[in-house]
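Labels run A, B, C and D following the written order; every chain starts at residue 1.
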Amino acid sequence: MTLQIKLFAVAMQKAGTSELEVDCPLPATLVDLEQAILTTCPALTDVLPHCRFAIDDQFATAQTEIAADSTIAIIPPVSGGAL
Amino acid sequence: MTLQIKLFAVAMQKAGTSELEVDCPLPATLVDLEQAILTTCPALTDVLPHCRFAIDDQFATAQTEIAADSTIAIIPPVSGGAL
Amino acid sequence: MIEITNNVIDSQAVLESVQDTRAGAVVLFLGTTRSITGDRGTDSLDYECYESMAIQQLEALETTARERWDVINIQITHRLGHLLPGEASVAIAVSSAHRVNAFECGQWLIDTLKEDVPIWKKENWSDGTHEWVHPGMEG
Amino acid sequence: MIEITNNVIDSQAVLESVQDTRAGAVVLFLGTTRSITGDRGTDSLDYECYESMAIQQLEALETTARERWDVINIQITHRLGHLLPGEASVAIAVSSAHRVNAFECGQWLIDTLKEDVPIWKKENWSDGTHEWVHPGMEG
(Lines give C-alpha, C1' and ligand atoms only; values in the text may rest on other atoms or scores of the structure.)
Protein backbone atom coordinates (compact mmCIF):
# COMPACT_ATOMS: atom_id res chain seq x y z
CA MET A 1 0.00 0.00 0.00
CA THR A 2 1.29 3.48 -0.81
CA LEU A 3 0.94 5.94 2.06
CA GLN A 4 1.36 9.71 1.86
CA ILE A 5 3.44 11.19 4.71
CA LYS A 6 3.47 14.91 5.51
CA LEU A 7 6.77 16.39 6.65
CA PHE A 8 7.48 19.60 8.58
CA ALA A 9 10.40 21.64 9.89
CA VAL A 10 13.62 19.64 10.24
CA ALA A 11 12.01 16.50 8.78
CA MET A 12 11.05 18.42 5.64
CA GLN A 13 14.52 19.97 5.54
CA LYS A 14 16.31 16.62 5.81
CA ALA A 15 14.03 14.84 3.32
CA GLY A 16 14.04 17.79 0.92
CA THR A 17 10.27 17.50 0.43
CA SER A 18 7.05 18.24 2.29
CA GLU A 19 5.41 14.97 1.32
CA LEU A 20 6.80 11.46 0.98
CA GLU A 21 5.22 8.46 -0.69
CA VAL A 22 6.06 5.32 1.26
CA ASP A 23 5.28 1.70 0.48
CA CYS A 24 3.97 -0.07 3.59
CA PRO A 25 1.77 -3.19 3.90
CA LEU A 26 -1.35 -2.76 6.04
CA PRO A 27 -2.17 -3.41 8.84
CA ALA A 28 0.95 -1.68 10.10
CA THR A 29 2.21 -0.62 13.50
CA LEU A 30 4.01 2.68 14.08
CA VAL A 31 7.26 0.69 14.10
CA ASP A 32 6.40 -0.77 10.68
CA LEU A 33 5.63 2.73 9.47
CA GLU A 34 8.92 4.09 10.78
CA GLN A 35 10.82 1.26 9.02
CA ALA A 36 9.01 1.91 5.76
CA ILE A 37 9.80 5.62 5.94
CA LEU A 38 13.49 5.02 6.63
CA THR A 39 13.73 2.55 3.73
CA THR A 40 12.34 5.20 1.38
CA CYS A 41 14.18 8.13 2.95
CA PRO A 42 17.35 7.23 4.88
CA ALA A 43 18.02 10.96 5.34
CA LEU A 44 15.47 10.88 8.18
CA THR A 45 17.48 8.31 10.20
CA ASP A 46 18.78 10.81 12.73
CA VAL A 47 15.59 12.77 13.26
CA LEU A 48 12.78 10.20 13.08
CA PRO A 49 13.46 8.64 16.52
CA HIS A 50 12.85 12.08 18.06
CA CYS A 51 9.54 12.64 16.25
CA ARG A 52 5.97 11.63 16.96
CA PHE A 53 3.44 10.52 14.36
CA ALA A 54 0.08 12.15 13.82
CA ILE A 55 -2.71 10.13 12.23
CA ASP A 56 -5.71 12.16 11.10
CA ASP A 57 -4.50 15.24 13.00
CA GLN A 58 -4.13 13.43 16.35
CA PHE A 59 -0.96 12.17 17.98
CA ALA A 60 -0.76 8.44 17.27
CA THR A 61 -0.44 5.83 19.99
CA ALA A 62 0.24 2.11 19.73
CA GLN A 63 -3.55 1.68 19.49
CA THR A 64 -4.04 4.06 16.55
CA GLU A 65 -5.10 2.25 13.39
CA ILE A 66 -3.44 3.20 10.12
CA ALA A 67 -5.74 3.00 7.10
CA ALA A 68 -5.01 3.46 3.42
CA ASP A 69 -6.66 6.89 3.50
CA SER A 70 -5.22 8.03 6.85
CA THR A 71 -3.60 11.45 6.90
CA ILE A 72 -0.15 10.71 8.28
CA ALA A 73 2.35 13.30 9.46
CA ILE A 74 5.75 13.27 11.11
CA ILE A 75 5.73 15.72 14.04
CA PRO A 76 9.20 16.86 15.10
CA PRO A 77 9.54 18.16 18.67
CA VAL A 78 7.63 21.40 19.07
CA SER A 79 9.66 24.54 19.40
CA GLY A 80 9.58 24.82 23.16
CA GLY A 81 10.82 28.35 22.92
CA ALA A 82 11.52 30.06 26.21
CA LEU A 83 11.71 27.41 28.92
CA MET B 1 4.06 62.57 75.18
CA THR B 2 1.49 63.37 72.48
CA LEU B 3 1.76 61.15 69.41
CA GLN B 4 0.06 61.73 66.05
CA ILE B 5 -1.53 58.58 64.58
CA LYS B 6 -2.59 58.34 60.93
CA LEU B 7 -5.75 56.37 60.19
CA PHE B 8 -6.93 54.78 56.94
CA ALA B 9 -9.89 52.86 55.53
CA VAL B 10 -12.01 51.16 58.20
CA ALA B 11 -9.91 52.63 61.03
CA MET B 12 -10.56 56.13 59.73
CA GLN B 13 -14.23 55.27 59.28
CA LYS B 14 -14.64 53.94 62.84
CA ALA B 15 -12.68 56.78 64.44
CA GLY B 16 -14.34 59.41 62.27
CA THR B 17 -11.01 61.12 61.63
CA SER B 18 -7.85 60.57 59.59
CA GLU B 19 -5.53 61.59 62.43
CA LEU B 20 -5.67 60.94 66.16
CA GLU B 21 -3.71 62.62 68.93
CA VAL B 22 -2.85 60.11 71.61
CA ASP B 23 -1.14 60.58 74.95
CA CYS B 24 1.48 57.88 75.50
CA PRO B 25 4.61 57.92 77.69
CA LEU B 26 7.87 57.01 75.91
CA PRO B 27 9.60 54.63 75.60
CA ALA B 28 6.56 52.61 74.57
CA THR B 29 6.02 49.18 73.11
CA LEU B 30 3.45 48.47 70.42
CA VAL B 31 1.20 47.08 73.17
CA ASP B 32 1.53 50.35 75.09
CA LEU B 33 0.69 52.24 71.91
CA GLU B 34 -2.37 50.09 71.27
CA GLN B 35 -3.61 50.69 74.84
CA ALA B 36 -3.11 54.42 74.52
CA ILE B 37 -5.02 54.53 71.25
CA LEU B 38 -7.95 52.53 72.66
CA THR B 39 -8.09 54.79 75.70
CA THR B 40 -8.41 57.81 73.42
CA CYS B 41 -10.65 56.14 70.84
CA PRO B 42 -12.64 53.14 72.09
CA ALA B 43 -14.39 53.01 68.70
CA LEU B 44 -11.28 51.22 67.38
CA THR B 45 -11.65 48.31 69.83
CA ASP B 46 -12.97 45.86 67.24
CA VAL B 47 -10.60 46.73 64.42
CA LEU B 48 -7.27 47.49 66.07
CA PRO B 49 -6.38 43.86 66.91
CA HIS B 50 -6.58 43.09 63.16
CA CYS B 51 -4.30 45.97 62.15
CA ARG B 52 -0.55 46.39 61.92
CA PHE B 53 1.37 49.52 62.88
CA ALA B 54 3.70 51.40 60.57
CA ILE B 55 6.46 53.54 62.05
CA ASP B 56 8.13 55.91 59.61
CA ASP B 57 6.54 54.14 56.61
CA GLN B 58 7.74 50.64 57.60
CA PHE B 59 5.77 47.87 59.25
CA ALA B 60 6.66 47.94 62.93
CA THR B 61 8.00 44.95 64.81
CA ALA B 62 8.59 44.46 68.53
CA GLN B 63 12.08 45.90 67.93
CA THR B 64 10.93 49.12 66.28
CA GLU B 65 11.60 52.16 68.43
CA ILE B 66 8.87 54.78 68.80
CA ALA B 67 10.17 58.33 69.07
CA ALA B 68 8.32 61.57 69.71
CA ASP B 69 8.69 62.54 66.06
CA SER B 70 7.91 59.09 64.59
CA THR B 71 5.32 58.97 61.85
CA ILE B 72 2.86 56.41 63.18
CA ALA B 73 0.05 54.83 61.19
CA ILE B 74 -2.54 52.14 61.75
CA ILE B 75 -2.53 49.76 58.76
CA PRO B 76 -5.75 47.74 58.41
CA PRO B 77 -5.50 44.47 56.44
CA VAL B 78 -4.76 45.21 52.80
CA SER B 79 -7.58 44.61 50.38
CA GLY B 80 -6.58 41.18 49.21
CA GLY B 81 -8.97 41.50 46.35
CA ALA B 82 -9.27 38.45 44.15
CA LEU B 83 -7.72 35.51 45.97
CA MET C 1 9.38 50.96 37.77
CA ILE C 2 6.45 51.68 40.02
CA GLU C 3 3.62 54.14 39.61
CA ILE C 4 0.61 55.22 41.65
CA THR C 5 -1.89 57.11 39.52
CA ASN C 6 -5.35 58.59 39.59
CA ASN C 7 -5.77 57.97 35.86
CA VAL C 8 -7.18 55.03 33.92
CA ILE C 9 -4.45 52.39 33.52
CA ASP C 10 -3.15 52.14 29.95
CA SER C 11 -2.37 48.42 29.80
CA GLN C 12 -0.68 48.75 26.43
CA ALA C 13 1.73 51.34 27.82
CA VAL C 14 2.44 49.06 30.79
CA LEU C 15 3.23 46.18 28.41
CA GLU C 16 5.43 48.35 26.23
CA SER C 17 7.34 49.65 29.23
CA VAL C 18 8.74 46.18 29.98
CA GLN C 19 9.40 44.97 26.45
CA ASP C 20 13.00 44.33 25.56
CA THR C 21 14.64 42.48 22.70
CA ARG C 22 16.41 40.25 25.25
CA ALA C 23 12.99 39.12 26.53
CA GLY C 24 11.41 35.85 25.42
CA ALA C 25 8.41 36.29 27.67
CA VAL C 26 6.19 39.03 29.01
CA VAL C 27 3.52 38.36 31.65
CA LEU C 28 0.91 41.01 32.37
CA PHE C 29 -1.52 40.81 35.28
CA LEU C 30 -4.54 43.09 35.45
CA GLY C 31 -6.64 43.27 38.59
CA THR C 32 -10.08 44.30 37.37
CA THR C 33 -13.25 45.39 39.10
CA ARG C 34 -15.87 42.66 39.26
CA SER C 35 -19.51 43.67 38.95
CA ILE C 36 -20.56 40.52 40.83
CA THR C 37 -18.92 38.95 43.90
CA GLY C 38 -20.76 35.84 44.97
CA ASP C 39 -24.37 37.01 44.67
CA ARG C 40 -23.73 40.69 45.42
CA GLY C 41 -23.54 43.40 42.80
CA THR C 42 -20.86 46.11 42.84
CA ASP C 43 -21.57 49.57 41.45
CA SER C 44 -18.07 50.91 41.91
CA LEU C 45 -14.93 50.76 44.05
CA ASP C 46 -12.93 53.49 45.74
CA TYR C 47 -9.21 52.96 46.33
CA GLU C 48 -7.16 54.96 48.78
CA CYS C 49 -3.58 54.57 49.94
CA TYR C 50 -1.01 55.67 52.49
CA GLU C 51 1.08 57.10 49.72
CA SER C 52 4.55 57.60 51.20
CA MET C 53 4.52 54.07 52.64
CA ALA C 54 2.90 52.52 49.56
CA ILE C 55 5.66 53.89 47.34
CA GLN C 56 8.36 52.56 49.67
CA GLN C 57 6.67 49.16 49.86
CA LEU C 58 6.26 48.94 46.09
CA GLU C 59 9.91 49.85 45.57
CA ALA C 60 10.90 47.20 48.11
CA LEU C 61 8.74 44.66 46.23
CA GLU C 62 10.54 45.39 42.99
CA THR C 63 13.94 45.14 44.68
CA THR C 64 13.11 41.81 46.34
CA ALA C 65 11.62 40.41 43.13
CA ARG C 66 14.79 41.23 41.20
CA GLU C 67 16.87 39.47 43.86
CA ARG C 68 14.72 36.35 43.62
CA TRP C 69 14.10 36.03 39.88
CA ASP C 70 16.18 36.63 36.79
CA VAL C 71 13.91 39.14 35.11
CA ILE C 72 14.58 42.03 32.74
CA ASN C 73 11.96 44.68 33.49
CA ILE C 74 9.20 45.11 36.05
CA GLN C 75 6.36 47.63 35.94
CA ILE C 76 3.81 47.96 38.74
CA THR C 77 1.04 50.53 38.25
CA HIS C 78 -1.70 50.97 40.85
CA ARG C 79 -4.68 53.19 40.35
CA LEU C 80 -6.45 55.11 43.10
CA GLY C 81 -9.84 56.77 43.30
CA HIS C 82 -13.20 55.78 41.86
CA LEU C 83 -13.33 52.71 39.58
CA LEU C 84 -16.21 51.26 37.62
CA PRO C 85 -16.75 47.54 36.89
CA GLY C 86 -14.34 46.28 34.27
CA GLU C 87 -11.69 48.90 35.01
CA ALA C 88 -8.24 47.81 36.18
CA SER C 89 -7.06 48.82 39.65
CA VAL C 90 -3.59 47.35 39.24
CA ALA C 91 -1.34 46.27 36.37
CA ILE C 92 1.87 44.30 36.85
CA ALA C 93 4.11 43.44 33.90
CA VAL C 94 7.31 41.41 34.00
CA SER C 95 9.64 40.55 31.13
CA SER C 96 12.27 37.82 31.25
CA ALA C 97 14.39 35.70 28.95
CA HIS C 98 12.55 32.54 30.04
CA ARG C 99 8.87 32.45 30.78
CA VAL C 100 8.86 30.61 34.12
CA ASN C 101 10.56 33.61 35.76
CA ALA C 102 8.03 36.08 34.41
CA PHE C 103 5.09 33.95 35.60
CA GLU C 104 6.49 33.25 39.06
CA CYS C 105 7.68 36.80 39.62
CA GLY C 106 4.40 38.31 38.43
CA GLN C 107 2.35 36.07 40.68
CA TRP C 108 4.58 36.75 43.69
CA LEU C 109 4.38 40.51 43.08
CA ILE C 110 0.59 40.62 43.07
CA ASP C 111 0.30 38.20 46.02
CA THR C 112 2.72 40.26 48.09
CA LEU C 113 1.32 43.61 46.97
CA LYS C 114 -2.07 42.49 48.27
CA GLU C 115 -0.54 41.62 51.66
CA ASP C 116 1.91 44.42 52.28
CA VAL C 117 1.20 47.53 50.25
CA PRO C 118 -1.10 49.93 52.14
CA ILE C 119 -3.78 50.44 49.50
CA TRP C 120 -7.38 49.77 50.47
CA LYS C 121 -10.61 49.44 48.57
CA LYS C 122 -14.16 50.31 49.48
CA GLU C 123 -16.92 48.34 47.80
CA ASN C 124 -19.90 50.43 46.82
CA TRP C 125 -22.48 47.65 46.66
CA SER C 126 -25.44 48.01 44.35
CA ASP C 127 -27.78 47.78 47.38
CA GLY C 128 -26.50 51.23 48.36
CA THR C 129 -24.21 50.12 51.20
CA HIS C 130 -20.48 50.82 51.32
CA GLU C 131 -17.84 48.63 52.90
CA TRP C 132 -14.07 48.76 53.31
CA VAL C 133 -12.57 45.41 52.32
CA HIS C 134 -10.21 44.05 54.96
CA PRO C 135 -9.55 40.31 54.73
CA GLY C 136 -9.83 38.56 58.06
CA MET C 137 -11.80 41.38 59.65
CA GLU C 138 -15.56 41.24 60.02
CA GLY C 139 -17.70 44.06 58.67
CA MET D 1 -11.21 31.38 21.29
CA ILE D 2 -8.19 30.38 19.27
CA GLU D 3 -6.59 32.05 16.29
CA ILE D 4 -3.68 31.33 13.95
CA THR D 5 -2.66 34.41 12.02
CA ASN D 6 -0.04 35.75 9.67
CA ASN D 7 -0.49 39.26 11.03
CA VAL D 8 1.23 41.14 13.83
CA ILE D 9 -0.42 40.23 17.15
CA ASP D 10 -2.50 43.06 18.60
CA SER D 11 -1.99 42.43 22.31
CA GLN D 12 -4.55 45.04 23.27
CA ALA D 13 -7.20 43.28 21.20
CA VAL D 14 -6.24 39.96 22.81
CA LEU D 15 -6.64 41.50 26.27
CA GLU D 16 -9.95 43.09 25.40
CA SER D 17 -11.29 39.83 23.99
CA VAL D 18 -11.16 38.17 27.43
CA GLN D 19 -12.31 41.05 29.58
CA ASP D 20 -15.58 40.57 31.39
CA THR D 21 -17.22 42.40 34.26
CA ARG D 22 -17.35 39.11 36.22
CA ALA D 23 -13.53 38.94 36.01
CA GLY D 24 -11.32 40.06 38.88
CA ALA D 25 -8.14 39.04 37.11
CA VAL D 26 -6.70 38.94 33.62
CA VAL D 27 -3.35 37.30 32.87
CA LEU D 28 -1.70 37.88 29.50
CA PHE D 29 1.35 35.98 28.33
CA LEU D 30 3.34 37.16 25.31
CA GLY D 31 6.05 34.98 23.81
CA THR D 32 8.44 37.43 22.17
CA THR D 33 11.40 37.05 19.85
CA ARG D 34 14.73 37.41 21.63
CA SER D 35 17.56 39.07 19.75
CA ILE D 36 20.11 37.24 21.91
CA THR D 37 20.01 33.59 23.09
CA GLY D 38 23.03 32.80 25.23
CA ASP D 39 25.79 34.46 23.20
CA ARG D 40 24.17 34.06 19.76
CA GLY D 41 22.35 36.81 17.95
CA THR D 42 19.04 36.25 16.15
CA ASP D 43 18.11 38.28 13.07
CA SER D 44 14.63 36.83 12.70
CA LEU D 45 12.45 33.76 13.20
CA ASP D 46 10.20 31.88 10.81
CA TYR D 47 7.21 29.99 12.20
CA GLU D 48 5.36 27.30 10.31
CA CYS D 49 2.61 24.95 11.39
CA TYR D 50 0.62 21.87 10.48
CA GLU D 51 -2.52 23.92 10.39
CA SER D 52 -5.39 21.44 10.54
CA MET D 53 -3.77 19.62 13.47
CA ALA D 54 -2.64 22.82 15.19
CA ILE D 55 -6.21 24.13 15.20
CA GLN D 56 -7.53 20.86 16.65
CA GLN D 57 -4.81 20.80 19.30
CA LEU D 58 -5.41 24.43 20.29
CA GLU D 59 -9.14 23.79 20.58
CA ALA D 60 -8.41 20.72 22.72
CA LEU D 61 -6.14 22.85 24.94
CA GLU D 62 -8.91 25.35 25.53
CA THR D 63 -11.40 22.58 26.32
CA THR D 64 -9.06 20.86 28.78
CA ALA D 65 -8.13 24.16 30.44
CA ARG D 66 -11.80 24.98 31.00
CA GLU D 67 -12.33 21.56 32.59
CA ARG D 68 -9.40 22.08 34.96
CA TRP D 69 -9.78 25.72 35.98
CA ASP D 70 -12.70 27.97 36.74
CA VAL D 71 -11.97 30.66 34.18
CA ILE D 72 -14.22 33.03 32.26
CA ASN D 73 -12.55 33.61 28.88
CA ILE D 74 -9.51 32.22 27.09
CA GLN D 75 -7.85 33.65 24.00
CA ILE D 76 -4.90 31.95 22.31
CA THR D 77 -3.43 33.70 19.27
CA HIS D 78 -0.38 32.27 17.47
CA ARG D 79 1.40 34.06 14.69
CA LEU D 80 3.10 32.36 11.74
CA GLY D 81 5.64 33.57 9.20
CA HIS D 82 8.58 35.90 9.53
CA LEU D 83 9.12 37.65 12.90
CA LEU D 84 11.66 40.25 13.92
CA PRO D 85 13.20 40.60 17.41
CA GLY D 86 10.73 42.04 19.89
CA GLU D 87 7.67 40.82 18.01
CA ALA D 88 5.27 38.40 19.71
CA SER D 89 4.83 34.91 18.27
CA VAL D 90 2.09 33.91 20.70
CA ALA D 91 -0.36 35.65 23.02
CA ILE D 92 -2.43 33.85 25.63
CA ALA D 93 -4.97 35.71 27.75
CA VAL D 94 -7.13 34.25 30.52
CA SER D 95 -9.73 36.01 32.65
CA SER D 96 -11.13 34.62 35.89
CA ALA D 97 -12.96 35.74 39.00
CA HIS D 98 -9.92 34.90 41.17
CA ARG D 99 -6.37 35.44 40.04
CA VAL D 100 -4.82 32.08 40.95
CA ASN D 101 -6.91 30.41 38.24
CA ALA D 102 -5.85 32.87 35.57
CA PHE D 103 -2.16 32.46 36.44
CA GLU D 104 -2.22 28.67 36.65
CA CYS D 105 -4.34 28.25 33.55
CA GLY D 106 -2.23 30.67 31.50
CA GLN D 107 0.99 28.97 32.47
CA TRP D 108 -0.42 25.51 31.74
CA LEU D 109 -1.68 26.68 28.34
CA ILE D 110 1.70 27.98 27.18
CA ASP D 111 3.59 25.00 28.64
CA THR D 112 1.28 22.54 26.90
CA LEU D 113 1.09 24.53 23.67
CA LYS D 114 4.86 24.31 23.44
CA GLU D 115 4.73 20.53 23.88
CA ASP D 116 1.76 19.50 21.80
CA VAL D 117 0.78 22.07 19.19
CA PRO D 118 2.55 21.42 15.87
CA ILE D 119 4.07 24.85 15.29
CA TRP D 120 7.79 25.09 14.68
CA LYS D 121 10.27 27.90 14.55
CA LYS D 122 13.41 28.37 12.52
CA GLU D 123 16.11 30.62 13.99
CA ASN D 124 17.80 32.83 11.45
CA TRP D 125 21.02 33.47 13.37
CA SER D 126 22.91 36.66 12.77
CA ASP D 127 25.93 34.62 11.59
CA GLY D 128 23.87 33.76 8.50
CA THR D 129 22.99 30.19 9.48
CA HIS D 130 19.42 28.88 9.84
CA GLU D 131 18.24 26.21 12.24
CA TRP D 132 14.92 24.56 13.08
CA VAL D 133 14.45 24.51 16.84
CA HIS D 134 13.53 21.06 18.12
CA PRO D 135 14.13 20.55 21.84
CA GLY D 136 15.93 17.31 22.59
CA MET D 137 17.15 16.89 19.03
CA GLU D 138 20.68 17.77 18.00
CA GLY D 139 21.25 20.13 15.07
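Just so it is clear, a contact is a pair of C-beta atoms (placed from the backbone, for glycine too) under 8 Å apart; a residue touches a chain by one contact, two chains touch by 3 or more.
Please read these numbers as outputs of a predicted model, since none were measured by experiment.
Where touching is counted per the definition, the chains common to subunit B and subunit D are C. Comparing the centres of all chains, each the average of its CA atoms, the largest separation from subunit D belongs to B. One inter-chain figure worth recording: subunit A and subunit C are separated by 48 Å, centre to centre, where each centre is the mean of the chain's CA atoms.
Note on chain placement: the centre of subunit B and the centre of subunit C lie 25 Å apart, centres being C-alpha means. For subunit C, residues touching at least two other chains, in rising order: 24-25, 31, 34, 97, 99. Annotation for subunit B: residues touching 2 or more other chains are 81-82. By the touch criterion stated above, subunit C contacts subunit D in their complex at residues 11-12, 15, 19-36, 85-86, 88, 95, 97, 99, 102-103, 106-107, 110. Every residue of subunit B that touches subunit C in the complex is listed here, in rising order: 6, 8-10, 13, 46-47, 50, 54, 57-59, 73, 75-82.
Contacts from subunit C toward subunit B in the complex involve residues 31, 34, 48-50, 52-53, 56, 89, 113-122, 132-138.
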